[in-house]
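Below are two complexes that have chain A in common, paired first with chain B and then with chain C.
Then we have the complex of A and B:
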């Protein structure tokens, strides 16, 4: 959570996460370069420069694949949520690994060009009209630009400045980047390389990402919407509420509200966290504060405000109990508006 | 004629304008529109690359915040539908690329021995 911006937010958990990630990258490169130098199944001998380029390229692909699996995994099974916690550092690291791959390529294939290496890269092959021999490099360039853009806008400042929905839309570029990377690999190295390991890594990785995304999308699609009664939206019967937890309901306009039961009283706040729109209703209340399951921002459920000195706020909603059920008024109150909690009298009319 | 030089020139101009925007925004604008940035300076260095890349978006948001014209509720409306569509579009694109890419594979003529090309020959 932010009070005043600092360059990089680290805490013991993030150190731990980043440490494991760095060890993973180092191990991947080491295995690739020294333990099984033939892992790429090179049919013709290659020099160390190309080998390095391929190792970093394969590493970036694997990292991107893992990053893209984390989101749907966390949606399908909440035990994967901790992986989501520091995914941005993972993304920034991936951009660096991909840039190293590009650096090796430019330094080797275009180092002695009479033009600038980048110009050489853009002009070396312009057969865009065919699949065999397609200039696959351009797909890599596109993906690298996307990854750089995402890494460059990963600081919390950008989230607050652009607003989470705009930021998220911008960061959907990751999907375009991944499709481009798959194209870069399939139209590039896989045209030539029939080794089982390489094909499994690339095609298997891409298939896994697609299957997980489609499964998560399928699961989220069937979410029920609250039943509108006299303008108010029904959330759940009173018996369904558990102390310290929320029931989430979808409003007619598609927004979601989280209605919490705390000390026998109901309070409703927007389900979308002010940070990255994480699902607040999946968090648990401790001392009046609900903790966002994604990165741990906290809010007082009675007024939607983060505890001082933090300044984040989320909208609140009016709640009522009627006929043994709990309802919310779908008109959101401005972020941080205090609303008196409503006692949950079981069976109240 | 190749478009590569014009493309590179365009990128240079884009970055140049972005540098101007970055200077203006980080030295002056950011303090006006974000209270969390006041008194915090080191993090601004990390913001520069982003401004160079998406400066039109920066100018748009800056203007919106100065004019206080954005809808406050928009900040709390996650983009779920678009997410499903993006995931779907990516999966279809990947399936097509892998299918057509692998179909276009050619076999290396194994029976042709490599020939060393001599300089000047």
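Then we have the complex of A and C:
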């Protein structure tokens, strides 16, 4: 949450996060660059430039795989949520590592010719109509452009400037980038390398991303909606509510609502955080404010507004308790509309 | 859910979660190191080809033949490159020496440069300008090529320079664009045959009737292919005049 833009709003957790990430990246590169040549024991070593390019390329692939595992892991088990907190720094670092890989490739495979490296990259292999020998470099170029774009627009300034829905959609490009990277690896090194190990590692990484996303989707798929004759949507029985937490339900239009119990009273706000659509209903009320589990943006549960001086707002909904169950009116109020909380009937804890 | 510790990024991590976070951090760092090792040691051996700077500069004299890729039939060798041998040449980087060799076709020339060597295959990367190749005194003629008939070969079309060791690894699909770039720069193409032809695994490739590598071949570079063509022995080197219409991916 910010009212003015500074490059990074540092706090101790971000320092820890970045420190661990940088140590991880440094460990990967150091082991790949300096330990594996001896372990390989080739009579004549791989060209240092190619070895470097491979180290940075493999590191970028691994980082991207980890980044894409964090989202579904956090959905499957909330203990992983802290990994999501500063994920954008992980993404920016990945873009730098991938750019270094591209730099080594351009400076080696596409250097020393009468064409410029970029011209060579685009012109040398144009066998687009075939799988074996496909110019897989172009998939890497596409992925690098995506990663650079995402890194460049990762700051909250761009989130605000582009508006969260556009920003969020733009940042789904990460999946296109990952698909391109998988293609880049499969059509490049995997077609060539006869070792089973490298195949297993790359394919295993990509498969892990797919499986975790499927598992998270399966776990998060909406319960069938109970819609009363009046059009109100049933959320949960009254005794399912816990003080300080929410129950989430999906509305007929696909949006989700989070109904919180706060000081014995029910209030409903949109489940999507105004920051990056984080699931507010998976958050908690801290100091009387709904706190997003992703980056900690806060909202007053009674009106969907962030506390001053912040200006973020989310829509609110009407709630009622009937026949031992809690219902919401699926018609959203404009963001920031105050709604009187509804007392929870006896039986709730 | 209500009992679970709740992490808010800008607040100290709750006690119940700290152990998990330390573990996750340690696993990430160790996992990255392990991934670096596993991916690093999975790389194939790039083979024996290499620049032989350790041999020092090689300077020999011989007769220039254009196939159209220029060859030297050595008339005055040294202790590494013997008289009677035939070899290919390249310039520095991804370029051939066609322009410099063409005016000397059929004549005796002195060539100087560094060797690239991979098993029986070697090539000379010439020094720049006239230091690399120039007309020389002496006599000699291009030996009459010996026709070895039409062959159907299976193997890989490579650029001779990277294959000989300019790049390590210097062949295969991941290297295809680099190979194409070399070939576009007139570096001599070499066929690596899965079965030796008259004792040699490496053959210089040309198009039919003394033309350069046919354009159709570029799509097949670095793949396992079969192709037919005329094999001739030019001095000690086999030259394969491929027929582009017979190019096919090998099963």
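Simple rule for what comes next: the second predicted complex is superposed on the first by the 331 of 349 C-alpha atoms of A that agree within 3 Å, B and C clash if a C-alpha of one lies under 4 Å from a C-alpha of the other, contacts with A are read in each partner's own complex, and residues count from 1 in each chain.
The criterion applied here is as follows: a residue touches a chain if its C-beta (ideal position, glycine included) is under 8 Å from a C-beta of that chain, and two chains touch if they have at least 3 such contacts.
Because the structure is a prediction, the values reported are computed rather than measured.
In the superposition on chain A, A:15 makes contact with neither chain B nor chain C.
Once chain A of one complex is fitted onto chain A of the other, the partner contacts of A:149 are limited to chain B, with no touch recorded for chain C. Within the superposed three-chain model, A:186 lies in touch with chain B and out of touch with chain C [touch as defined at top]. Touch criterion met: A:132 reaches chain B and chain C at once. Judged by the touch definition given at the top, the superposed model places A:169 against chain B, while chain C stays out of reach.
Number of chain A residues touched is higher for C, counting chain B against chain C.
Once chain A of one complex is fitted onto chain A of the other, the partner contacts of A:50 are limited to chain C, with no touch recorded for chain B. Once both structures are placed on chain A, chain A residues 43, 123, 132, 187, 191-192 are touched by chain B and, in the other complex, by chain C. The residues of chain C lying in touch with chain A in their complex are 1-2, 4, 6-13, 17, 20-21, 24-25, 28-33, 35-50, 92-95, 167-169, 172-178, 180-182, 184-185, 218-223, 249.
Considering their complex, residues 9, 11-14, 16, 20-21, 23-25, 27-33, 35-36, 39-40, 42-47, 50-51, 54-55, 58-59, 62, 66, 78-83, 85-86, 108-115, 120-121, 123-125, 127, 129-130, 132-133, 135-137, 187-189, 191-195, 197-198, 201, 242-245, 283-284, 286, 291, 293, 295-296 of chain A touch chain C. By the touch rule above, chain B contacts chain A in their complex via residues 2, 4-5, 7-8, 33-40, 42-43, 45-47, 49-50, 52-54, 57-58, 61, 65, 70, 72-84, 86-91, 93-95, 97-98, 100-106, 108.
Across the complex, chain B is touched by residues 2-8, 43, 72, 116, 118-119, 122-123, 126, 131-132, 148-149, 152-153, 155, 157-158, 160-166, 168-170, 172, 175-176, 178-179, 182-183, 186-187, 190-192, 203, 206, 209-210, 213-214, 216-217, 220-221, 254-256, 270, 272, 274, 277, 311, 314-315, 332, 334-335 of chain A.
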